[in-house]
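Pasting a structure here, questions to come.
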Amino acid sequence: MTDTRAERADAYLETLHPSLRDALDRGMAPIAPDFAQLMVDFGYGEILSRPGLDPGRRQLVTIGALTALGHPVDQLKGHINAALNVGVTPLQITEAIMQVALYAGFPAATNGLRVAKRVFVDRGVSPLPPTASETGAT
Amino acid sequence: MTDTRAERADAYLETLHPSLRDALDRGMAPIAPDFAQLMVDFGYGEILSRPGLDPGRRQLVTIGALTALGHPVDQLKGHINAALNVGVTPLQITEAIMQVALYAGFPAATNGLRVAKRVFVDRGVSPLPPTASETGAT
Amino acid sequence: MTDTRAERADAYLETLHPSLRDALDRGMAPIAPDFAQLMVDFGYGEILSRPGLDPGRRQLVTIGALTALGHPVDQLKGHINAALNVGVTPLQITEAIMQVALYAGFPAATNGLRVAKRVFVDRGVSPLPPTASETGAT
Amino acid sequence: MTDTRAERADAYLETLHPSLRDALDRGMAPIAPDFAQLMVDFGYGEILSRPGLDPGRRQLVTIGALTALGHPVDQLKGHINAALNVGVTPLQITEAIMQVALYAGFPAATNGLRVAKRVFVDRGVSPLPPTASETGAT
Amino acid sequence: MTDTRAERADAYLETLHPSLRDALDRGMAPIAPDFAQLMVDFGYGEILSRPGLDPGRRQLVTIGALTALGHPVDQLKGHINAALNVGVTPLQITEAIMQVALYAGFPAATNGLRVAKRVFVDRGVSPLPPTASETGAT
Amino acid sequence: MTDTRAERADAYLETLHPSLRDALDRGMAPIAPDFAQLMVDFGYGEILSRPGLDPGRRQLVTIGALTALGHPVDQLKGHINAALNVGVTPLQITEAIMQVALYAGFPAATNGLRVAKRVFVDRGVSPLPPTASETGAT
């Protein structure tokens, strides 16, 4: 049955973070080799892959939680990437992070937007409408 | 223009928390009469009513942030009610709160589910499929 | 020399929280009798009584920190009382707490204002200008 | 294999919190019936029952984490009870909580000690050496 | 009326952080161009510029809140600079940060003092009394 | 008597963090020369050196608290080193940090394990059983 859990985790991860399991396995191998597997199998195979909430909305909940906590910067970066991977738009992401200013303060939201900016630049996406020069309009 | 902000706030609040402005005004009148107005006008009139993210997704982001922070219990209660008011289902709400266990720990999620339970009992709604006796099936 | 520390603590506490040492001693006596003394002697005798920052400004720093943390409700209540005892005005206190909304979110500030309201009601003070009926104007 | 996980969880819980699974099941049944099982099976069956750290030390780590977070009061109460159940002494518990003052501040430690006091009173135990009258000495 | 808010914000910022609006506008332009303006106009034009608490005391409240939260390092740096700009002394700033150790723990205070040290070195100011060689005494 | 406190602190620090007092004194000398001494003397001379909880268990409590808070990365690094210095094993440390995932979420635990990995690499220790090649087995 743990196979099934791992399979559900891998299926859920396939679109979201295709390389997460490998990256975690490599990073944690010298210190806590089971931890990456437990985290991925439980997190993705038993919690996030449950029916009842679609992957895009789940990523927005996660972005809300991580932005509010403030310190998990790498995880926020990973989940912004994952949100884009499941079709959340850049604008939905920036709106979600801005909104956290109301609940956890402006520093948390500002720092979250800086993380989003780095992700968007890396991927060449933007929450802003294209400008005339980008659209080729003259 | 501040009228417009207040009007946008009131329009956004109309479905979400119809009595929030009055309740805040009453509660804060003896101590910080401007605070309720500033919070509502800025929060609802300048942040939450922005286009780019619909009210249901915004409530899920807020539930993620408040559950992760842990201490704002009354605000979580208010926003679970508001989420139901804009069509988020009880099941989406419980799934969102459960998921926060991954990011902020089980105590935060457990306490969030307890708040949701009180809201659902008060409103007579449930995230669970109806049982045979509730559906009148025999 | 520890006597001197305790004496400095008691001198600092005399105006601020005249009954704090006794209340803490009583509360902690059955479980951690040294804790109240260590906390009071170190906190008031070695940190807060240092020159360089006056008691009123120190209470505002403390109100900022406790409001931002969110969970220490009893301590915030005690330090709002202490702030009033050293001449911080009710209006300075409500302004300080409101401002924390920017840094730690509206729920933290709202809950801090509710604590202040209870303290102000207990003491019969208010951050608001007196109304005509209260001043006896006709 | 999930049976084995549940069995490991139950075996680990047997001394620690004998009624936890039932209490959680009852509390969460109307809202998130799977959550209690997932939390208990994963937490106790996959994390806490791992070899490498004994139950007493694990409870001290948990008491450190929950006291520092500040808001999970019920969970801290449950884990102080569990610590006593696996042989951690009342004095080790109060020393652990006091020490968290250094890392998370005095309010967190003070509130943690208040929770411990309620647990100790309920169970008739104390971190203090017995007094002459309690030992029957004359 | 929003002009007036922006004007109040700019007037308040003039001494405090003269380049904040430009820096935020540039940083956020590619991702959330409205966010910097909303944050500055609301924060400085509607909250911090309110009468009832002077700018120096407001900066001490902010330093208390940001030091306690721990994660907003850049914001703490900005507000230590702003505090110096409105006449708060280096010694008042270090005393305020040290004091937060009591409420949020030594790590938060130590990290806050490290931020202050970088600001003070950059500006060539110090909380310490000048030494004989610095005063030219012989 | 304060001499005695400093002596107790130094005695407690001797094995734990032999260079902590000097490093703190140097780091804080230009900004808050008393702070390092107050923190070390109070922390080690009045809290951690109390009887009732041994140094290894105290380090596990500290690791629990710092991992849960998330932001004090340098302090967590220092206390993982100190834990190794007083005989806590690498495996006990990784188990303690992993366990905090349950109470404060996976990001806090993952980031804590990354800190531990850096400490273990620097010291050439590992929580894992030696492999055949490391033991010279053939």
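Think of it as A, B, C, D, E and F in the order they're written, each chain with its own count starting at 1.
By our rule, a residue touches a chain if its C-beta (ideal position, glycine included) is under 8 Å from a C-beta of that chain, and two chains touch if they have at least 3 such contacts.
As the structure is a prediction and not an experimental result, all values here were calculated from the model.
The set of chains in contact with subunit C as well as subunit E comprises A, B, D, F. Using the mean of the Cα atoms as each chain's centre, the chain most removed from subunit A is C. Across the two interfaces under comparison, D-F and C-D, the one joined by more C-beta contacts turns out to be D-F. With centres defined as mean CA coordinates, subunit F is found 31 Å away from subunit A. Here the CA centre of subunit B is 41 Å from the CA centre of subunit F. Residue positions 38, 43, 47, 50, 66, 68-72, 75, 94, 98, 101-108, 127 of subunit F are each in touch with at least two other chains. Taken together, the subunit D residues at the contact with subunit C in this complex read 70-71, 94, 97-98, 101, 105-111, 113-114, 116-117, 120-121, 126-128. Those residues of subunit F whose C-beta lies close enough to touch subunit B in the complex are 68, 101-108. For subunit B in complex with subunit E, the residues that touch the partner chain are 1-2, 5, 34, 38, 42, 46-47, 50.
Of all residues in subunit C, only 43, 47-48, 50, 52-53, 57-58, 60-69, 72, 75, 91-92, 94-96, 98-104, 127 touch subunit E in the complex they form. Residues 27-28, 30-33, 35, 38-39, 43, 66, 69-72, 74-75 of subunit D touch subunit B in their complex.
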